[in-house]
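Sharing a structure with you now.
For clarity, chains are labelled A, B, C and D in written order, and residue numbers in each chain start from 1.
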Amino acid sequence: MADGRWPGIMPIDISARFSFSLHDPCDVLLQFEAAAIPEQTILSCDCQMSEAIHLARIPAQDNIGQRIWLRSEGLYEVDYRARVQVNRMLADLSELERLEPHDLPGEAVQYLFDSRYCPADRFQPFVEAEFGHLTGGPRMVAMRDWVAQNFSYVPGSSDATTTAMDSFVERRGICRDYAHVMITLARASAVPARFVSCYAPGVTPQDFHAVAEVFLADPSIPGGGAWHILDATAMADPAQTVKIGVGRDAADVSFMTTFGAAQFEDKTVAVTAPD
Amino acid sequence: MADGRWPGIMPIDISARFSFSLHDPCDVLLQFEAAAIPEQTILSCDCQMSEAIHLARIPAQDNIGQRIWLRSEGLYEVDYRARVQVNRMLADLSELERLEPHDLPGEAVQYLFDSRYCPADRFQPFVEAEFGHLTGGPRMVAMRDWVAQNFSYVPGSSDATTTAMDSFVERRGICRDYAHVMITLARASAVPARFVSCYAPGVTPQDFHAVAEVFLADPSIPGGGAWHILDATAMADPAQTVKIGVGRDAADVSFMTTFGAAQFEDKTVAVTAPD
Amino acid sequence: MADGRWPGIMPIDISARFSFSLHDPCDVLLQFEAAAIPEQTILSCDCQMSEAIHLARIPAQDNIGQRIWLRSEGLYEVDYRARVQVNRMLADLSELERLEPHDLPGEAVQYLFDSRYCPADRFQPFVEAEFGHLTGGPRMVAMRDWVAQNFSYVPGSSDATTTAMDSFVERRGICRDYAHVMITLARASAVPARFVSCYAPGVTPQDFHAVAEVFLADPSIPGGGAWHILDATAMADPAQTVKIGVGRDAADVSFMTTFGAAQFEDKTVAVTAPD
Amino acid sequence: MADGRWPGIMPIDISARFSFSLHDPCDVLLQFEAAAIPEQTILSCDCQMSEAIHLARIPAQDNIGQRIWLRSEGLYEVDYRARVQVNRMLADLSELERLEPHDLPGEAVQYLFDSRYCPADRFQPFVEAEFGHLTGGPRMVAMRDWVAQNFSYVPGSSDATTTAMDSFVERRGICRDYAHVMITLARASAVPARFVSCYAPGVTPQDFHAVAEVFLADPSIPGGGAWHILDATAMADPAQTVKIGVGRDAADVSFMTTFGAAQFEDKTVAVTAPD
């Protein structure tokens, strides 16, 4: 994993195709495009979508990326291709300190709280016992490594009701579950943590991916802080991770949410980085 | 309950006193003041707080009210008094339509999603079966009345882990639980719903109160929407409800969150409206 | 549904075939045979099983049927055929009274308590509100009809972690979930209730089936009681239901429990009754 | 803790007094007396109870102790005193092997399954990772020590809905929670485990106590097994533990279960052993 460096020129090629069928006219919320944010440059982008009754783009959470509101009927197909260059500054997390809670800016505070899949409050005794000797970045890295070491990546072992508490007990899950546990442990340490849906090469099997992001002190700005990616699955390199959107947890950044009877038909994701 | 009218001049007098002890220096997040927002005017306000090592105000969620970051040690006392005039326009909910999901503005979308205490997704079949014949405001009113009729207000029957699912099964709770169930049912209908911490006369026993708020179409603005208070406990009149803050659910707007060992000492809330 | 009558000569033909693979030598607990109990006569029976390292039969819960302990390796196949005549006396439940809790015999008491999938204690307010005007058999029938009316039978909608609380909220499930909800509601009324795994014609799709059984007063024996089948799915006729075993809930009477890495290969169940 | 020895003459003196009020005539199930079983001799016993409308004793689970069915009204008082000599053979658990599942007798099998507070199935990956290098008695001892080391005994930190999963995450609880976690870990290893309500000197604060019991091979009987007490709270010496009753978990052996509106008034427990 890369640390303390600017990544070089690293265009990532993304292809995502999926389709679904809507029996009756029905609303759908989509969020699958690489976000246009300073830390990543959309070099090129082509998004083919079936014709819809209604289509509108709205800003997504924390103004990272966009959500697409759709109203349509019958078969709907999305074919998205993009080339993205990641400009993300990668810090050496083991050298970063935490911000004291009372120094956290307003926009980070919501990421301290319990969310649907991350009941962090209940994990305080465990976190204190297991990681109490560490603080800030080193604690976050230790948590990531603890999850990596103690969990098994088992496709199909979780579903839409699986919380970080379930995963913590069962010691297994997929990327969303790894991210939920990492977020939960961080918040139980009073470190803001959010869920990032993303594209990354190296994800096996190739699919939409999810990682955690934690908010730590920025040594270059007194009193300032910055978000840092942590992937407990170790499949994604933060230097090659293309963000789609962020949220409190998976409940906020599903790539597709339907408001009516829908049948999912097909999905193919391919993400590659030139060697 | 008041409908379709501007409330008259109705100053509400609020007094809230509470204290807690911090063994070691420790961070605390407070949110207990009437929010300065257009729908309510702070006529006067006096907030006495013990001296702190650090004190900072930050904007709270949706810019409604402020959170106070505190760092202190030993006994800490808060004595807050305010006189607030509620200017809230009260609509007749039974005449309001819902906004189609695809017409929802970006800032309302987060309130569609499942949150810590409101696993709305699982309630869709129940909501469809019980309220499927209604839409928009009439459905929201029917949900409020259903909760009011089927639940018992039992102080002490819930705790910090109680979700809307627990309350739905146990058919009892306190104001936070009533609000959680109302929010859950609304979201299961694709109507954005949020949690409002507030002061209101008539709350028995006198304490901080909580109600739900739902986002429905605003007939005066094509494509626009507005938030409307629903109190399934029927203890608070929306015309006399003074908002403190809003959030996805109770996890976001606790009046006090401590980041360290604290002992709660005392709390007295009194809210009165002149006859 | 048959009531207040002795069923006529009704031999039920059962065929159950299933197979699984055990990578290493591994213990397996099976319970799939029609129980040899007074209320049903095993007219004929043929059970072909692969050779095992170890095989032993032990009495199952309440001495209803047998469990088979197995130790084996590699592919294991079971081919079971039986013809069973059901002699069960069928009462008109609407005429039966409940036994006061203090009159319950020792062996029925365990079926009052909460079990893995049936947290009955929490349902008392709901049960009191919804069924409080009824007692005994009429209350049980009303509960069965309430579940039948409010739930959807949706294969695949539940898994090994789904409790009656989950099902109650989601209003859907399969036979095990219907039985769990029925058991939970009965126990919340202080009526002993147990889980019955069984074979029955009419189950769609054909598979092992599960129903609830409740313990009510036996009018022919002062102070006595008897168990009565209730199938909220309405797929099985109690006059044609062949019991395999009983337990507190599905945790006790799985047809197959493996103590090691196993892969389930195949299952075919066919149950027929001559017209 | 005593190992591999017959305890000497150790009479334990027990005093338990409690009272409750029943507004209307109501059924109550009690289980609070030292069980008359071979491993402990009731030297003397005096049980004063208020007059009741109905009182009957029935055998309790596994024929260990008795349950008392009561029907009464108004204030009800119990004053129980007993002197009990514990004759329990105490084995050195670290020398005991487990019974292979397929060698378990029928009556022990039910204690392999998930119960209300002990969802053991979900803990298999954790148990395998943490204790996979050990088997039989040494594994059980390691589990007991792991719980003892990682949990905090915090009166008031759990309630009637707290499961072993909750406790495992929160790393705290009272005796019932310690026993539930111990039972859960044992069952996740395919070792039968049950819940024992008991009296023991040394319990702080003095109260009814609960411990776990596991079923391991009995080296003196080929193919035989025996139950052994494990107290992860380390408060009770198995040589001085007087059993009241056993069950799958706390749901089965509450000292008092009411079937109607009751108000608990008072409880005093004192257990002493002569030096």
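Here, a contact is a pair of C-beta atoms (placed from the backbone, for glycine too) under 8 Å apart; a residue touches a chain by one contact, two chains touch by 3 or more.
Computed from a prediction, not measured in an experiment: that's the story for all the values here.
Enquirer: For the two copies subunit B and subunit A, is the contact made of the same residues on each side, with over half of the numbers shared, or of different residues?
Expert: Mostly same residues: over half of the interface numbers shared.
Enquirer: Can you give the rotation angle that fits subunit A onto its twin subunit D by Cα atoms, in degrees and rounded to the nearest 5?
Expert: An angle of 180 degrees brings one copy onto the other.
Enquirer: For subunit B and subunit C, let me know how many angstrom lie between their CA-based centres, rounded off.
Expert: So the centroids are 45 Å from each other.
Enquirer: Calculate how many whole Å lie between the centre of subunit A and the centre of subunit B, each centre taken as the average of the chain's C-alpha atoms.
Expert: 29
Enquirer: On subunit A, where are the residues touching two or more other chains?
Expert: Residues 122, 161, 166.
Enquirer: Tell me, which parts of subunit B touch subunit A in their complex?
Expert: 27, 29, 54, 56, 58-61, 67, 69-71, 100-106, 109-110, 113-116, 118-119, 121-122, 160-161, 190, 247-248, 251-252, 259
Enquirer: In their shared complex, at which residues does subunit D touch subunit A?
Expert: Against subunit A, subunit D makes touches at 122-123, 125-126, 129, 150, 152, 165-166, 168-172.
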